[in-house]
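First the structure, which I've put down as structure tokens, then a few questions once you've had a look.
Going by the order they are written in, the chains are A, B, C, D and E; count residues from 1 in each one.
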Amino acid sequence: MDTQVFTFIMIILPIYLVSLLLYLIRAFKGPTISDSVLSIDAFSFAAIAVMGILSLFFKSLVLVSIAILLSVWTYALDVFVSKYLEKKEMGE
Amino acid sequence: MNLKKSIVPIFLAFVVYVVFSGSLSIYDISTGIVVAIVAGLLFSEILVKNVSKSLSLMRLGHLIRYAFYYFFVAEVQAHLDVIKRILNPKMPINPGIVRVPYEVSSDYAIVGVAGSIINTPGTVVIDIDEEKKLYYVHWIDVSTQEPGKCRQAICESFEKYLTKVFD
Amino acid sequence: MIDLILTIIGEILIAVGVFCSLVASIGMLRFPNFFVRLHAATVGSMGGSFLPIIGAGLIALGSDFPDKWMFFGGLIVAAIIVMLVSPAGSHALARATHRARVAPVEPKVTDHLKEDEDEKEGEKD
Amino acid sequence: MYELILIDVFLAVISTVALIFTFLTIMQKDLVKAAIYSSIESASYLLVFFLLMSPDLAGAYVAIGIGIYPAVVFFLIKKTERYEDK
Amino acid sequence: MNTKTVISLLVIISSLLAISYAIADQATGVIPQTGLRNLASFYLENTLNPSNKSYWTASPEATSAIVWDYRGFDTFFETSVFYLAIVGCTLVFELYEPPKSKTTKQTELGLTIIVKVITKIVGILIVCVSASIALHGQLTPGGGFQGGAALAVLPILFIITMSRFALDRKVNDTSMIIIRALGLCGIGITVILPLFLGFITNNNAYIIQNQMKPDALVSLPSTIADKMMGGSLWMLNVSEYIAVGAGFTLAFLLLSLPERSFKKILEEEKYATY
């Protein structure tokens, strides 16, 4: 990998860090539960992108599978909360 | 257990396994075949209802055409629109929930249209009424409240492509 | 040559993605209620996550990693799963929130869903 | 050199955020919010594990921390009460 | 701000400071140590050493090798703690009547059609991805537990989005107990297999032996087709994958029982005791 891609990643990563922090501010402030969960969603998807870019940086392909697991479990968290808010039994 | 039904799920599972593993060695292909047969037989009953539809190559071609339209036209326009609204200091939003009728009939087509609507920023399907054939869409810029015009603005272009694919 | 093109396309995709992600996070903070924030979250998931993942895959494909196909395949599957999962998640959350009347829909122009729900409850009583 | 400093800053910021959310989880009386804060903490620690390059740990942690633990908590809150001290 | 808040804040801050001091490079305490310890250097030298096969494990993934081969006995007991927890879960839920759904209409169960269909499509992808994680456990990070935990998202999503009554008749607690037992039997057989081979070939052998040792010449296959297989690592990973997936499915099937299936039994008990 040439140095140009390396410098590019170095410029990209701080911006992602800022965006992750802004998502977390909404997760903390969020007046309702749904707001917090929505911002966790956005946080996780941004984190998946960060993981993809970081595994380029580390040159280790093995870290990719975690990104898939993170996205699916985030979806599961959404579904839990929405089922909780729907006022039904969890198993029905 | 219908073997014809499970052709497409087995093929899909095999492709996903091989793409995820990323190599064509004998180990990957042999384990991939085993995993794909198990997964395909497990999921064939709930994934495939109409065998001849699932095996038609015409529909696959239409799906690829739709993908080009969706990613290069619809997504780009919607993203630019919402990004402008966010960065504008006055924040010109005009939100509301409107009724949008749809005319597709099969499950996959309904879900495909709804997924396309949600994945383009600016419109989110809040609820769906399958008996009256209505989506309830939260729209960031409600320019009209009449159902026919809403349909024209929000989902007609998706339906035009997706009826060819799934119906 | 083809490596260079792949790298440049990948970098463009990642740059667009990081811009979308930043804009989406600003939108999450600025927008007034939950239902409008859904649109900002969509920008974050499609533009801010789907594009850069594919971009990272293309950069890996254009480089000289030992197992670059594995890298590329894993990232493509991740991108497809993100594309499938994010609309379903936000739809489920929005429907539950509207049904439980947790978050206000203000400011709004109309709310046809609430009208129809009220009508249905009126029929039941 | 600059890369290492950047990774260190990333690590420091994310772990501080994780710490703040741990504190919020402990002090929160609303159990649903506590579960959500705890899953944010898990996501942040997942990034920390990722930056420290321990994929085995991260693979198990993402399932337990973000998925199964909040799931169990939600199942249990549904069967009991949402608020502490009532 | 009451005293409770202050105390917990103090505890958290002081523990953070202690940990960061201990991790930092400047710390001159007991934790950082220059040079490898003997055991660690033994692992590093011998895990994948084709030129000297006397203690190797035939797996390029050193973490899996240490967990399942060098430290297999520890892992065996750690795993059994997890299975005991699930046994306890089944015991707690022993006295319930098989519940019935209130409605037979599919649309009233679970969430909307959009979530249902997308969950089905994601389900088949998850099966492939988790199987790939488990089957490549001896080559890349991951392995049985990670793969099984990834598979566990599937039953949870299906229970919540489509309700536990819409699951196939094949997915119930009895069948899950059987599948989990099959996985455990796989682990047991893999553990005892070297003894059996040693008995047949008239050699010395150990329990949980993987590759041949200088005084025990039994070895499980080290390569399959064109990839490293790591002998017992592969079999243990697959068995663990099946057992963990079925175990989590069982636990969530029991947790998702509706409350009304218990109410009758609990009320009867109340009157019986008082």
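Keep this in mind: a contact is a pair of C-beta atoms (placed from the backbone, for glycine too) under 8 Å apart; a residue touches a chain by one contact, two chains touch by 3 or more.
Not measured: the values here are computed from a predicted model.
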Minimal step count in the chain contact network, chain B to chain C: 1
Most heavily contacting chain pair (counted by C-beta pairs in contact): A-C
Separation of chain C from chain D, taking each centre as the mean of its C-alpha atoms, in whole Å: 22
Distance from chain E to chain C - Cα centre to Cα centre, in angstrom: 31
Mean-CA-position distance for chain E and chain A (Å): 24
Multi-chain contact residues (two or more partners), chain B: 16, 20-21, 114-115, 125, 127
Junction residues of chain C - those touching two or more other chains: 24, 26, 38, 40, 67, 70-71, 74, 77, 81, 84-88, 90-92, 94-95
Chain A, residues touching no fewer than two other chains: 20, 33, 37, 61-62, 65, 68-69, 72-76, 79-84, 86, 89-90
Touching residues on chain B, where the partner in the complex is chain C: 16, 18-23, 75, 79, 82-83, 86-87, 91, 93-99, 114-115, 118-127, 129, 136, 138, 140, 142, 145
Complex contacts: residues of chain D adjacent to chain E: 19, 22-23, 26-27, 55-56, 59-60, 63-64, 67-68, 71-72, 75, 79
Chain E - residues contacting chain C, complex: 111-112, 114-115, 118-119, 121-122, 125, 129
In the complex with chain E, residue positions of chain C that touch it: 77, 80-81, 84-85, 87-88, 91-92, 95
Touching residues on chain B, where the partner in the complex is chain E: 9, 12-13, 16-17, 20-21, 25-28, 30-31, 35-36, 38-40, 42-43, 45-47, 107-108, 110-111, 114-115, 125, 127-128, 130
